[in-house]
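Below are two complexes that have chain A in common, paired first with chain B and then with chain C.
Moving on to the complex of A and B:
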């Protein structure tokens, strides 16, 4: 972060990409609210559903923010989500009852299954992330290539474990009791999980020594090493953290749909990385904003929902989303250049 | 097996007169290679059961293989290995309509009859193609939808990607039948979430907000169905907004029973497996003259609802995880 000149808070807010992107989101919400028939877009139920739909992307974007702050990249998170959800679902189903019981929808030991399945998913994700970290630091291969490779490995492993089909007999209760359930009928439970974790990671990046070191490594690895930061263990920790977040995302995904998604999440990594860059984090490290990533991850979902509500034809939706994303980032850059 | 083959020998001799081109009968049983489009999913497992039953009933040897993914690059080596085993006949589920034309042509030129199932080829170089009539299936789904929602309201179609003909036909057949026979129903613009469940859920959630009269959702593939049901349950509208889904995996059948879905369009993988092996056998034995065959044969389909789910007709058509 650059030093804030006199003139204080107002100027700082004006130059902040997260604030700018929040304004974009608010503008979109108001525009869709005005245009949608009967103001359907502004209904609480709609805004609440948007936060549910954004939850997994937002969580992953927050993780990617930390990885990119250190100048690294993780393309394998979509594959990690798939693999972790497969392992989690298999453990969950296996420990929730005997095969002939779960086949007919009877889960006598469901609490045990859920606890073990959740743990298995998060541990799988963390192990996947640790593998990425080890490959990056020990083999000294660029993280773009390493995670491109592990993306294939993770997807392949998920196929091997399942024979290419979704894990059967995942209890529907995960969905009706948590995945689509809302606190006070408004705040989706998965979103609460995402907000709590994001808050912790925001604090980690902006107010702790760990966060400072992450940004230092991203600014200049050599300088960080000369200053005595042990870069390799730090990167290993970051990748492991990213992996664990993918494991959490896998659990949220599993509860949301009550099934695994072995053919899916092919564009998840791209969506998360895009949100991070739009939110003001540098692709080359050293400058990062958790808040920016969180706000920016809302833009595609707000757009998608709004365009469907307006009845825009599916083919045109793709075009409009692309145009608005580029326009938002271009405007933000112009604005910051003028304020410098 | 050997006994059965020799008792059929007179029939074979007669057949040779009808179709002199095909592989000559020997004492050993006919061997048929079945190369599936993908293995491990209930649809193809059901097809395998049909193929095995036909092979047992007709006294031929059938060897089943298939790739773990619907991928030409994975299927091609399996097809080549199957050809190396020097079969009398081949059943193939082509994973690519264009790329496999030359392979099939080469087999046919060697007097090895090829029947294709599920997918189809760009040129009818095979003896026959057996596949679901997707347009008709869409029509059946439309009739089921009209019945489920009482003939009025809006319906949303959640398809796959543009440019996937078989899937597009499922949507087009649905729209055509609604427009022709059920004018009280409004069809919203077709949505294409691809295989992304989350995107499907996003679209359906938005459509629920935008259309207070949304009465039904028709999904043309299982990922869309999963996303749609998640959005409908999340909106607290389960039972009010009817979902009609494609295919009848055990999990989907359970969801039909539980009220998540209101009808399932059930294809006929077992029949495709059984009939394709039977047809190749009949051609090899000279009981059927390939010249008299239609290019395409559509096996019958059923629509499963909670009302007819336990009927023998529907039970026999549901997909299975393993052959029993």
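Moving on to the complex of A and C:
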């Protein structure tokens, strides 16, 4: 092969960030497969676990993609996941049986509890997102600052509701019946939920009026307004959608761990934003790729799992992802400058 | 509303497409408009001229719904209307080419032409998930772009990749494509070379020939005297004069802009 077609190919791939990132993931998977003892990395059970581990981050990254497409940011999603899981778990436990029954692991009205708990978590998430949206559009405060504030508020509320301890007596059945269950023994149920929702949001962003207007607002808010688009209700809808996704993530978390994690998700928002940026979505809005975010969200998990299997400290994953993030943004800026 | 064919008759005495009378607009202590009046007939090109800060852009923004006036009356086709939003003005058939063009740079030419009024396709998806009719958009966009004699590398190219003249052309094509009664153009040729300027002026003449009322804000007074049917002069937020372009000379207009009044618009 000569250098010329290689250069041309590389340029084409760089232009399509999702493709480039998919190649990075495939390369990592193959490299870890080759390096791991007995190809342990490539075992179905390992790959299946990776998809389970990535599911919540992927779902949130897809939501963040839409928010960032409009030029906004949501730092509060981790706090929202925690708050929504706390509210969901409390409703679930309260409606699954009398306190003395629940305490001994008896859940006579479990279906009701699950339905109400799921609804409560998603509604809490959506309401929290709507609060972000209202603050951003009504107070006209930058979303970075608003969601930095609500991140603290959400975490604080979760602590207030629980007294700082996790919600007890969440039924184990959530975990065994769904959270760690796999379709055909391979695809984790939570991942199926994530893929279905991501597919719908991909369609929403790339093929619908809502998606086009989201990108238009991110590209030039003024142009969108002058085109007669009502920007404030649109942003409110986006933040509410993001919040609802955090609520779904909270439910998936509950089913996976059968407990809340009030001290958790402190770096979730940053991980999701990093995946979105690595996946080719512009920090400044106007250009976004759901596929890129989905693929890029795999990178940290693949790295961490591979390094553990190789016996390398998994902390290196943080360093590598940091480097990739900076490189991705540098590339994005280059591309913008070239295009201007 | 009258049919376009009827509007095409531009004989004096037919109704005005736009009437803005004694418009007042204040920004805090500053009175940007203090009794500006403008009347345009269908099929007529009106040049709105004045020194910097005379209130031309503000008056255009009031008419297109971008800015709410603090006083005065607006009427379209003889019917008084309080235009409270850009969307409402668009529904009345009024389109605007803004000085900064108001294009979304990351969106394609076709997407920009349809932004805010995107057609949807019938199909399996429902509600907010319904698909955009991209094929229809591209087809109509091609016609709109061809209609103003604009050449762009691709209708799918992001607007940021276009030259300044091409972007201006896209903004003009959008206004021409959607306007049903009037087009307002704020300095449409300020940043253009002679060739693109010619394209924009041709589009203005063509739009008027279609029966649209066209208001052009411009500093190019000699050209306006040739192109426009009438001239209206603003000074310090007030209409201070004007008249039929054929009856005015450059010194007449400059005198009105700077001080002495002549004839009412």
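Definition applied: the second predicted complex is superposed on the first by the 299 of 340 C-alpha atoms of A that agree within 3 Å, B and C clash if a C-alpha of one lies under 4 Å from a C-alpha of the other, contacts with A are read in each partner's own complex, and residues count from 1 in each chain.
We adopt the following convention: a residue touches a chain if its C-beta (ideal position, glycine included) is under 8 Å from a C-beta of that chain, and two chains touch if they have at least 3 such contacts.
Keep in mind that this is a model prediction, so the values were computed, not measured.
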item: Side-by-side fit of chain B and chain C on chain A, or clash; value: fit
item: Partner chain(s) touched by A:326 [first = chain B, second = chain C, both, neither]; value: neither
item: Arrangement angle, chain B at one end, chain C at the other, chain A at the vertex (C-alpha, nearest 10°); value: 140
item: First (chain B), second (chain C), both or neither touched by A:207; value: second
item: Partner chain in contact with A:287 - chain B first, chain C second, else both or neither; value: second
item: Touched chain A residues, chain B compared with chain C; value: B
item: First, second, both or neither for A:315, with chain B first and chain C second; value: first
item: Partner chain in contact with A:196 - chain B first, chain C second, else both or neither; value: neither
item: First (chain B), second (chain C), both or neither touched by A:169; value: first
item: Distance in angstrom between the closest Cα atoms of chain C and chain B, superposition on A; value: 33
item: In the complex with chain C, residue positions of chain A that touch it; value: 200, 203-204, 207-210, 212-213, 215-216, 218-220, 222-230, 282, 286-287, 339-340
item: Chain B residues within the chain A interface of the complex; value: 38-42, 68-69, 162, 188-192, 195-199, 201-203, 205-207, 209-210, 223, 226-227, 230-231, 233-235, 249-251, 254-255, 258, 260, 321
item: Interface residues, chain C side, partner chain A - complex; value: 66, 85-87, 90, 96, 98, 100-107, 111-112, 115-118, 120, 125, 128-132, 158, 160-161
item: Chain A residues touching chain B - in the complex, by the definition given at the top; value: 36-37, 40-41, 43, 45-46, 49, 52-53, 56, 103, 105, 159, 162-166, 168-169, 172, 175-176, 179-180, 188, 253, 256-259, 261, 263-267, 301, 304-306, 308-311, 313-315
